[in-house]
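Read from first to last, the chains carry the letters A, B, C and D; within each, the first residue is number 1.
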């Protein structure tokens, strides 16, 4: 569903404020920039070696100026090129304010699985493990369920892990959850058109309701 | 004896040929450039972060362009600035063709002691351990004996080591020795004014004579 | 032969040197680099000829043929997290003997890796990587081999350049002594053994085929 | 407080920030940097006031007062080989957990260091270094904190900049957004928390006193 992917990206865009250093993963996160106020000064980081990239140029794309997926981008004022060790040094040492990653499964404890489906896709891990380890704040985006309806927010990940206890927030087309060691998984927002009961029915992990949750979504 | 220091430096200068990447330590090695043919293209490396330095400028020295001792230098065509990790990466990974270090003691096995005299000088090790470890070829320069006449080419170093089995050649005002694992310490040259017997009398370690040793210096 | 290649998804992989590699007939090559390129881009062209026996990389997602070769047992692939892979290459290049990290602990990639305990805490040991030959791509080189790069085509090339016994740089332009600003040189010529002029990119990028 | 300071024999140590440090009255500082400067140059000015309790450095040869304080037990000095020290700072700065090396094996500096055996071979473990505050000196900064350096005044400043929780850059010139060439920036602004304008060098260099 292309539409739910856009909804997730649109909601995730609200997490980004001016001044932030942000890394967006492939998949749904890459849709986020379309929903940002261009007047915000956000520094987007890409693993291949650029902090401060902007939109794909309308004309004359340059293959030597690209993002981690190999697609042409531009550079903003104050942007910098560097080699890949500096790029990941920045990630591991906590200079990325926010990483937004696509996900296959997230557990109630914040474990992330997003790099391999054994026997099917073995693309390799790329930079996901380091973003999960080092980003100050990590948000996972995913459609709430698999195509066959199986929940992706789970008690314990069944897919091989990317990293443990790293996800702080999960955004799906049905709702937004926070994860912290004290309270575990907490539903903080219900997306338009859904009720808390929908989330209960389609989420494997147990969760509590945030005090700030809008009452109208309760059943 | 200033004079013997100059003699050692003059002899050591013959070890340097065009195209080499060379690191000269403090003390006697720093006198070497005066004896080099300026038409040679030698790249001098300094630990603080410059490959390709030239003489102290005659006018307007610049404090931001200095050698590891903090004295102003110049930069040659093709010279490069870099940070200290690249500087030592270059050393450890074998990109320095020749390091010439001042020394306090050298053993017959090529062990080097040149950084500390316990209870007296504790300046710290600087970059000596890494040059000893990583340079492709290491030459130690020193006056043959201490002021009290005690030999400095010894069976086993009594001073704390900089590194083991690293010195390939020793140059003093009395002679030149090669050190290799197969033959041990070998006298290859006798400096003008000395005889082999002088070297026997002032060298603690046993040594053999090179086949190429000039016969006239034999007793 | 172990060959280190620069580039990230083919960007910064030297096209002319990859062709030389193919033309040379060399086989049974152990490859180390960020990824497997695309089947028609970068090192991917060589990988698809089945002349590599192994690959250390962070992913092979953009080259399905590499995935198939891995699946069929014709290409042994070792995955390393991307930044860890870069640091392993750097560790070899700067003459260190590997490092400790928490990245990857508790994951599949920790299997078979030595665990080192320091002050009661467990870390994974990551071994340095080096190679016989390194091939890199740069914008300009001077006669000493000093290199400057072009935007994101820099990526892992500076690390690759340091980690090989013999490094060959393919460059867009070879300039005179003194033509490069000593402040902007990224790789000192001390690391570069040979410089060759590039014949240019001879593949279509994915965005030229699919559109942006 | 652990303070990391940039500079090599005072070259590249931020003069204005050292004066701020002195004026601040801070004491019991744990220092990490290449050396102890000279008694009247760089960090040496602060060291001589006996307000540092410890120093991790590669040498203190240019500051005899630091040597005396060490001898008297007033300053605890840990010597690290120069390049190893730089790598320890870098290791902290890039979020790794230390590394293995053969440098220093069989010497005094190996004492008290953990030995790690990999494939039957013994290495020294070198721990990462980080600090609360880092002070560095650069030529120019833009409003993001991107830094460019001046010749050999770069030295260890890029590493120090990465390794502190809070890094303050003293610069000769603060320039506008977009005024720096993105290719020549050495330290990305992501590592810099504050930028201050330098009041300039306020000491005589050793070669100004002694002659060349």
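Please note the rule applied: contacts are C-beta pairs under 8 Å (C-beta built on N, C-alpha and C of every residue); 3 or more make two chains touch, one makes a residue touch a chain.
Because the structure is a prediction, the values reported are computed rather than measured.
Looking at the partners of chain B and chain D together, the chains they share are C.
Taking the CA centroid of chain D as reference, the farthest chain centroid is that of A. Comparing the chain pairs A-D and A-C, the larger number of C-beta pairs in contact belongs to A-C.
Taking the mean of the C-alpha atoms as each chain's centre, chain A and chain D sit 37 Å apart. Spacing of chain C relative to chain D, judged by their CA centroids, is 32 angstrom. Once the centre of each chain is set as its mean CA position, chain A and chain B turn out to be 57 Å apart. Mean C-alpha positions place chain A and chain C at a centre distance of 28 Å. Chain D has residues 87, 94, 96, 102, 149, 151, 182-183 in contact with two or more other chains. Across the assembly, chain B contributes residues 75, 81-82, 85, 88-89, 91-92, 133 that each touch 2 or more other chains.
Chain contacts in this assembly follow no simple pattern; the graph is neither a line, a ring, a star nor complete.
By the document's touch criterion, interfaces exist between A-C, A-D, B-C, B-D, C-D.
Across the interface of their complex, chain D is touched by residues 21, 43, 45, 51-52, 75, 77-82, 85-86, 88-96, 133-134 of chain A.
Those residues of chain A that touch chain C in the shared complex are 46-50, 56, 61-72, 75, 81-85, 87-89, 91-92, 116, 122-130, 133, 160-164.
In the complex of the two chains, the chain C residues touching chain A come out as 8-12, 34-35, 57-62, 67, 70-71, 77, 79, 81-84, 86-87, 90, 102-109, 149-159, 186, 201, 205-207, 212.
Those residues of chain C lying in contact with chain B across their complex are 92-96, 142-144, 146, 162, 177-178, 182-183, 185, 188-191. Interface of chain D with chain C (complex): residues 87, 91, 94, 96-102, 114, 116, 118, 123, 125, 127, 148-149, 151, 181-184.
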